[in-house]
Amino acid sequence: MTPFNRNFGQGKRTKAVRPDMNWEEITKAGNVYEPGNANTYETGDWRTIRPVWNKDRCIHCLICWRYCPDASIIATDGKFDSFDYKHCKGCGICANVCPVHAIDMFSEDEMDRQKEAKRNEE
Amino acid sequence: MEKVLEVRWHARGGQGAKTAALMLAESIAEMGKYVQGFPEYGPERMGAPILAFNRISDNPIHIHSNVINPQIVIVLDATLLGPKVTAGVPDDGIYIVNTTKTPQQVREILKITGGKIYTVDANQISLDTIGRVIPNTPLMGAFVKATQLIPYEEFMENMKAELTKKFKKKPEVIEGNLKAIERAYQEVKGE
Amino acid sequence: MKNKVAITGNEAVAQAMKQINPDVVAAYPITPQTEVVQIFSSFVSNGQVDTEFVTVESEHSAMSATIGASAAGARAMTATSSQGLALMFEMVYIASSLRLPIVFPVVNRALSGPINIHCDHSDAMGIKDAGVIQLFCENAQEAYDNMIQAVRIAEHPDVLLPVSVNLDGFITSHALDVLEVLDDETVKNFVGTYQPEEYLLDAENPVTMGTLDLYDFYFEHKRQQVAAMEAAKKVIEEVGREYEAISGRKYGLIDAYKLDDADMAVVVLNSAAGSAKGVVDELREKGLKVGVLKPRVFRPFPFEAIQDALKGVKAVAVLDRAETFSTLGGPMFADVRTALYDLKNDIKVVNYVYGLGGRDLRLEDVEKVYDDLANIIKTGRADKFVNYLGLRE
Amino acid sequence: MATLKELSKFEERFVGGHRLCAGCGHGISVRMVLNAAEDYNVVVGCATGCLEVASTIYPYTAWNCSFIHSAFENAGATISGVEAAYKSLKRQGKIDKDFKFVAFGGDGGTYDIGFQSLSGAMERGHNMVYVCLDNEAYMNTGIQRSSATPMGADTTTSPAGKVIPGKQQPRKDLTAIMAAHNIPYAAQTSISNWQDVHKKAKKAFDVEGPAFLNILSPCPRGWRYNTPDIVELTKIAVETRFWPLYEVENGKWKLNYKPKKYVPIEEFLKPQGRFRHLFAPGNEHVIKAIQEEIDNRWLALLSRCGEPQELPAK
């Protein structure tokens, strides 16, 4: 029997667990030692419609920030900053709760087509 | 003491046989002997006939099965006298009975010829000394006298220590119990 | 300093818990474990321990709260019996898979139904595959000693698993026995302070425990648990040696009684091993080469030690105080027979199921087993693998 | 009451990258509740359910704080163990930081299978907040009825069929049951009113002893409504008095919002696919029964809150 590896998930708090790691290398008991590391997992590709910020209309009330289920509205210094498109799933709640219609929802297909068209023009 | 000495208690639930078996064991353990004390557990509540057991030895006791052939039988309630009391007891067995009857009368009831029979009125003794009918403590005094297993003075000292531990705040209870044991030791009659 | 006392098995367990002084105890009363909880709660109410005592509403919650406390960084314990263990069954698996060093006495009692309050090992056998270390105790002394060692075994960095300490309901738990207890300071030094590597109340290093673990990693985590169980064998022996140094009492994986030159052996757990030893002493006087093997550790299963201890015998009887209803006898029989299968000697191994629901194991019963073994050796045949001892048939 | 400007500056404790459905009410509820814990260290306990499986898929965690999940029916017991450990270790001087404790459970893990564990934890008086994220059915296993499922709802175990039009029984009133535990704080709130959620969550964290919050937290898949309309829908739930906002503080019942006019329950039922069958001819009696139940419970609630017992003007 190979000697038991005392270090697995133990002496060293293995942080980044990769799919190719063997049983001695991954963390003990399924513990996760990096709080909030789900933000390295992207859910942006779930989206079929995309929120787009209309800067001119925005009054920075942050109702959209309050109601985003995915913490995907980034507020900086108490003001709307940007969308976190890596995680936004395109549920459309933010656009609905916005009292001044400063968020528009566009189909991702449409956005892609527009981008494509723009590239073709250039 | 070469072999393990085995004791069986016959009583009714609530008379304190379990407590007595455990207290007896504790006091004997104090003298460096090895002991076991355990009751038979059933669904019985107050009033039902119950059994409790002791094993006493100079060496560590391995056996954990029930006591089947006790050399000593203690009966806390004379209404229990019958075949169950004599069951499995060897011919030279010792019976210690709480009763107002004489040893001869008990012998007749038990229908035995051999063995030794001791009687003591533990109910009256406990009533006089403790103020309530709790025959278990006086019977320990009778046990010491009947078995001659342990020196009386030493037993009393241990008992006093045990009782002091249990009834720290009730000196009158300690006093009463010790008195009860002492009287039973003196009053027990054998044949 | 050693101190000889006459106390019951439950008192011995409670006494050990008091000296261990755990941070949290969460427990629910059940016959025959109740006294442990009762006695311990008096230690709490008299300020004799630093423990936060959580009087949960069920055994499921007892183990759940103990898991929460242990994960939070506390030295945490619970205690149970029978139906209580069955109710916490789900959480026992979770405690071991979360790798929490929870110590919990199990006062063995038959499982319903029909309901029965007396001793057998069907409760403990129900969790034999739950990833929990299981120590078994012949008497109150071993219950006390095993409780104290269990803390060190559970918390060892190579192990980090729950440890259950099994003692026979009523037979050991309620019987007054003479044993030696250590003084508080010695126990305190022996168990030390629990220092978890990661815990919920570490404000600087928050941790997520109890994740959803699918086919991509679950298997690897199970393999880690096996490794911890493997490592536990060595740790149990190490801790046993250290404990011997403070107590003078030897503890290993198994207790081999007069087996060195034995032809016949009985393998049996807990208090019945004591009775078997008594019979062996008598039979030895008659010149019979008989012995007893008492596994102190049932999980991890000490098969190497068992092979070694039984390699010279000709016939073995495994006494199980539990049924599997598999028609292949009791749970320990399967394990012992498997362990002996690879030995070249043709050792005959038979099974006796005994003592279910608290049926007394009489000395004659054990004598009969040795008689049977002698007969098997004489004829070279074992006609029946699975037998019932003390059953009306 | 803090403004959103201020609240947005607290650290996010439930981050993106979790795998709850797009538009799930739980993401919103959890963010609101944990935001009210402000800068405190928090340990979150969680019952098995959508929230737990979607937020802690190994090796990821969406929880930016300590988190423990152990099983389905025991969030109350598990977090009470954590809290007991905290008390013990703090008392012994083994730790020095302050912590708040919160357990999340769905209606399955709270109203039903976890009810005993929750009741025990509340009775023992642990200093913890238990939050029920009530989406009115067992969504994690695929929309089976729970005791929180409203009468008439079509679920996979109370399917609207030819003979039986959905769930037959009205929902259990868990908030009232928790108030009957005489805990320092029990409240019912809806994400439609974020100020109400925030205020109640903050109170729950601040009180000494156990607190219970019941949050109506819709499931777009189980309720079958237009996902972006979550706030409108939960608002109608309050306006129709299907989900009254109230709190019970040290035994004192207080109604937090009284609708001005009588909004019939159809307004709440209509946008949801789970109630569609109720609008088929022949099922009028179910809607009538639902409405009666709501009106009766409303009057009882008004009485408990010491309000005049009258329905809003039609």
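Chains: A, B, C and D, in written order; residue numbering restarts at 1 for each.
Basically, a contact is a pair of C-beta atoms (placed from the backbone, for glycine too) under 8 Å apart; a residue touches a chain by one contact, two chains touch by 3 or more.
Bear in mind the structure is a predicted one, so any value in this text is a computation, not a measurement.
If you compare A-C with C-D, the chain pair joined by more contacting C-beta pairs is C-D.
In terms of their C-alpha centroids, the spacing between chain A and chain C amounts to 49 Å. Taking each chain's centre as the mean of its C-alpha atoms, chain C lies 43 Å from chain D.
For the pair chain A and chain B, the distance between mean C-alpha positions equals 78 Å.
Separation between the centroids of chain B and chain C, computed from CA atoms only, is 34 Å. In chain C, the residues that touch at least two other chains are 98, 206-211, 213, 217.
Shared contact sites, meaning residues of chain A that touch two or more other chains, fall at 17, 26, 30, 32, 35. Contacts with at least two other chains are made by residues 56, 58-59, 61, 63-66 of chain D. Interface note: chains touch in the pairs A-C, A-D, B-C, C-D.
Those residues of chain D that touch chain C in the complex are listed here as 41, 43, 45, 52-53, 56-59, 61, 63-71, 73-74, 76-89, 91-92, 94-95, 97, 99, 116-117, 119-121, 123-124. Interface residues of chain A facing chain D in the complex, by the touch rule stated above, are 16-17, 26-27, 30, 32, 34-43, 46-47, 60-63, 65-72, 75, 77-79, 84, 86-93, 95-97.
Those residues of chain D lying in contact with chain A across their complex are 3-9, 12-28, 31-32, 55-56, 58-66, 191, 194, 227-232. Looking at the complex, you find that chain C touches chain B at residues 4-6, 8, 32, 117-118, 138-139, 168, 170-172, 174-178, 271-272, 274-275, 277-278, 281, 360-363.
By the touch criterion stated above, chain B contacts chain C in their complex at residues 21-22, 25-26, 29-30, 32-39, 41, 43, 61-66, 68.
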